[in-house]
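You will see chain A twice below: alongside chain B first, and alongside chain C after that.
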Partner chain A sequence: MERTIRVLVAKPGLDGHDRGAKVIARALRDAGMEVIYTGLRQTPEQIVSAAVQEDVDVVAMSILSGAHNHLFPRVMELLKEKGVEDVLVIGGGVIPDDDIPGLKGAGIAAVFTPGSPTGDIIEFIKKNLKRKA
Partner chain B sequence: MSDTDSIKKGFEAYDSGVEKSIARFPERKKSFVTGSKSPVKRLYTPLDDAGRDYARDVGFPGEYPYTRGVQNTMYRGRFWTMRQYAGFSTAEESNKRYKFLLEQGTTGLSVAFDLPTQIGYDSDHALSQGEVGKVGVAIDSLADMEILFDGIPLDKVSTSMTINAPASVLLAMYIAVAEKQGVSPDKLEGTIQNDILKEYVARGTYIFPPAPSMRLITDIFAYCSKSVPNWNTISISGYHIREAGSTAAQEVAFTIADGIAYVDAAIKAGLDVDQFAPRLSFFFNAHNDLFEEVAKFRAARRVWAKVMKERFGAKSPKSLSLRFHTQTAGSTLTAQQPDNNIVRVAIQTLAAVLGGTQSLHTNSKDEALALPTEASVRIALRTQQIVAYESGAAETIDPLAGSYYVESMTDRIQKEAEAYIATIDGLGGAVKAIEKGYVQQEIQDAAYAYQMDVESGERVVVGVNKFQIEEGSPKGLLRVDPIVGERQAAKLKELRAKRDNRAVEGTLAALKAGAKGDANLMPLILDAVKAYATLGEICDVLRAEFGEYQQKVIL
Partner chain C sequence: MDDSAVSADRVRAGDARATARLISMIEREDPSRLAVLKALHAYGGKAHVVGITGPPGAGKSTLTDKLVGDLRGRGRKVAVIAVDPSSPFTGGAILGDRIRMQRHATDDGVYIRSLATRGHLGGLSRAASEAVRVLDAAGYDDVIIETVGVGQSEVDIVRIADTVVLVSVPGLGDDIQAIKAGVMEIGDVFCVNKADKDGAERVVREIRAMLETAVLNGAATRFTPLFEARSALRGDAGNAGGATEAVASRGPAEQGAFHHITAQATGHPNLEIPPVVKTVAETGEGIGPLVDEIKAHEAALAATGFLRSRREANLAWELGRGAAQRVLSELERDESRETLAELARSVLDRGIDYYDALDALEDAMKRTQRAATTA
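What follows is the complex of A and B.
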């Protein structure tokens, strides 16, 4: 039997818009994944420590406040510092197209902007897992 | 044969004819629903009016139960206030945007604060990194507030401030700036959002737990009723509840349940209902389903009037009438083909106006992508002006009254909302229902159902799941210079060196003592603000005394 994919859905920074994060969390759960949702106001340090502790395969972060250029790369840095390299990290929210290449350069595997179907996100995760499920 | 009988007969004949024709030519869909997924009948007729009493349930504008509007002349007296929510970067930048908006014909200001300000952190706090000046203007102290309103006479504009957990602090700063301009507090007009309960369920900028938060709120009610009598002391908000995914009826229900909790708290604090209730105001969403939204606004007024009269025994007409601000629904804006958003906003604007709003913010077409540019803000404002001056919608009061459909839906939303309020009463009121996660769960279920309907194609979103095109990246989006954070931090450093730090410590110590006891905290916060204590310092004192709210995470 296939191992269940474990996902940490996280809200970094001070942004309180969590409709998207919660909808995604539920859709991933309905797709058979095990989902841990952090709740609001997580620092990059808290997210990375939760990812390690929960031994997740995927970290999915959502920001609508515009702080993505600061917070997403910071999470990547901290993961690297901890030697975590087999976790797939994706992001979403109100993120201008122009910012996406920079975020990908920092190691965010994909950025899903408003209107993205949850099915696309599920498929992306299944195809791009770094650990073999 | 009576009128009703003949209509009944006519309807039966019509209906059997329809059955025959749809057997050959089926309708577009098996079932038709509103934007909030309530069933919609093929046809509404006078038969749907049964059980409604005009005088009791509809009435006249400016009269109980206020279904038709809160003033007796409505927009024939004057239009709604066109109030565009704005603010970003530094106080200097935002001050320029406000002056631009006033030149373009807005009639009231609406201040957006950045997240650190909304959560009571100074710009140089570790948690503020990356967030300073992003979703609104960064305000750390009275010095920033002085710049924000520089050259804007506070006795001439009304100002709405979207600030909740630290509402007392920002209101105190506003009062202090006005005093420096020579404007006394009794001349000030405006609104603070000050609605913490919806922060716990939908918006997220809470600081303190419910009990001390309710105290801060009722302290403001008491203070303003004496010293700032024309200030709207709270804007009880359904807007964010709807944005989080609720239905129209839930928006009305949860907002009014929150309202009930605030009134209860104020009465418990010893205030007289007719002294503070006239300054309670509301804030709703204008979504896409035109008729359902109009019905929602009408139902909200009726539900609140009944609550205030029957539950709280309020007597002043101003206590009974639900005045509200509206914002068009941000969640309906699409990143795809953003020009289409102009049309969505126009329909939503019409809904707000036909629903009798007192003020309105129209969203800009680029808000699913970034903060709006000046050019797109102008279109959003022009949309209101076109509805006001060209559409004819403002020439008579409550023009959709008497529509079989709209009246029937008004009744339906009232009924659904009252059923929810009864459930919340059963749980022990809004605060308890939120602590138990009931409200959050209801909203999330609706949000998830909506998303699944979009993904199955049952609900069409033009440009997203139908009529898509290949499009390039949008150009010319507004960007906030990341240097803002450093600039604010430098300003803070200078402020802390320059001000009288003994005076700051003195006022903060007095605030601490006040927070331990049961003094009204408003005057103490005003003293601290005037001594140039920072927002973060003031909130830290309160954090130490009150503790911090721990979110109930529900999936």
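What follows is the complex of A and C.
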């Protein structure tokens, strides 16, 4: 049987821009995935805890406030602390190109900036799942 | 983490990852879950299973969040299963109940899991009952299940929960018709949420009136066990319907047990109906009293022995459904399909009639079963 892909869509930090996160949530739902949306203003601790309890395959974070260089790596750190290594982590939002290599170095598999077609995002997820589908 | 790392010991030790993965295995009906579920079996039966149901947007998630907070304050470990619908077209889902509960995400005494219905009708997901058993065995004192927003017929929750909280709100329509008969009958505790809005008092009155009428008519079957229990305790089982009998001879122990149905100021001292509690989930108003009533219901069930009989009835129903499921999968095997096609041809050719064909089918299935058990 084909496995259903479960994705946590989260907004870390104090950033209130949630349109992008909601667009992504709906696009992934329409691609047949189960999306757990945790709402605004999540701490990295809350995000990691929810990812564990929900047994998601993907953590997808959206930041438009500029705090990505701190928050994304912090989530990766906490995941590692909990021994969670089979979850694909991706990010998106208003993120300068110059910051992307650093984020990838920290373990964020891909970063999608404004204008990214949702089809590309869906395809990336399907191709890069860490657990066998 | 590999699926094979999931064990009863890890689940019992409060390992959220193992618990979460086991629930995923249940969701996709992975046969390897069974060994773990069997190993957990001995530890179950202790949790109070509470269902929260009601129309879309009534505030079920917000209430659940507050219930969790209150129960944590009472020193209890709490698990939540929150169900949202899957899209019938894509199979995808947005599970948003958790948004309201995220303040508990980092509390080790709380486990929250969102489930999509994955095509199951009835307000729950197929995985719900096995997931409840896992969380029970994992040591959570209360397991709260939030159903999808229900309309008129999604009443699966009564097959799982010890106590069903039916949430309604002002402004649903002209009257309580919006959540009609089938759904209204399943409440053990009634909650009128959004009591900060106009018309809450009226909803309370309408629910009380509906309950009184139902009890008088003997129609509210969900309440009957409690009347029977009370009658049995008093030794007058002859009056099983019990709704209109005198209650003068009630002893103090019984009064405790039946607190939740007798404490109602209904204007009819002989009526014993479920409580109706007003809440404002957003501010937490009325949550303490709501939890008190939920716990009083459990106490009443336990004191009368009806906790056991309710669970027995629910399990019997679930076993029946499990057996039916096995028969259905049996019928989907190639050999069964062939037998079915043959029988159909005989019926079409007027060789045998439809009922003979059914009998022949039943015999054939019993034979394969016997062959399987002796093999």
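Convention: the second predicted complex is superposed on the first by the 133 of 133 C-alpha atoms of A that agree within 3 Å, B and C clash if a C-alpha of one lies under 4 Å from a C-alpha of the other, contacts with A are read in each partner's own complex, and residues count from 1 in each chain.
Going forward, a residue touches a chain if its C-beta (ideal position, glycine included) is under 8 Å from a C-beta of that chain, and two chains touch if they have at least 3 such contacts.
Model, not experiment: these values are computed from the prediction.
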| request: Kindly say whether there is room for both chain B and chain C on chain A in the superposition, answering fit or clash. | output: fit
| Partner chain in contact with A:86 - chain B first, chain C second, else both or neither | second
| request: Using the touch definition from the top, say if A:52 reaches chain B (first), chain C (second), both or neither. | output: second
| said: Touch test for A:42: chain B only (first), chain C only (second), both, or neither? | reply: second
| task | Using the touch definition from the top, say if A:129 reaches chain B (first), chain C (second), both or neither. | result | neither
| said: By the touch definition at the top of the document, which applies to A:106: first (chain B), second (chain C), both, or neither? | reply: neither
| message | Tell me the contact category for A:33 with respect to chain B and chain C: first, second, both or neither. | response | second
| task | Tell me which partner A:17 touches in the superposition: chain B (first), chain C (second), both or neither. | result | first
| request: For A:25, select first, second, both or neither according to whether it touches chain B, chain C, the two together, or no partner. | output: both
| field | Least C-alpha distance (whole Å) that remains between chain C and chain B when both complexes are overlaid | value | 5
| request: Please write out, lowest number first, the residues of chain A touched by both chain B and chain C across the two complexes. | output: 25-26, 29, 35, 37-39, 43
| request: Show which residues of chain C lie in contact with chain A when the two form their complex. | output: 1, 16-17, 20-21, 23-24, 27-29, 86-87, 90-96, 98-99, 102, 105-106, 111-114, 116, 118
| chain A residues within the chain C interface of the complex | 1, 3-4, 6, 25-26, 28-39, 42-43, 45-46, 49-50, 52-55, 82-84, 86
| said: Could you list, by residue number, the parts of chain B that touch chain A in their complex? | reply: 115-116, 118-119, 121, 126-131, 134-135, 199, 203-205, 243-245, 331, 333-336, 368-371, 444, 447-448, 451, 454-455, 461, 464-465, 473-474, 477, 479-480, 482, 551, 553, 555
| request: Would you tell me which residues of chain A are touching chain B in their complex? | output: 13-19, 22-23, 25-27, 29, 35, 37-41, 43, 65-67, 69-71, 94, 96-98, 113-115, 117-119
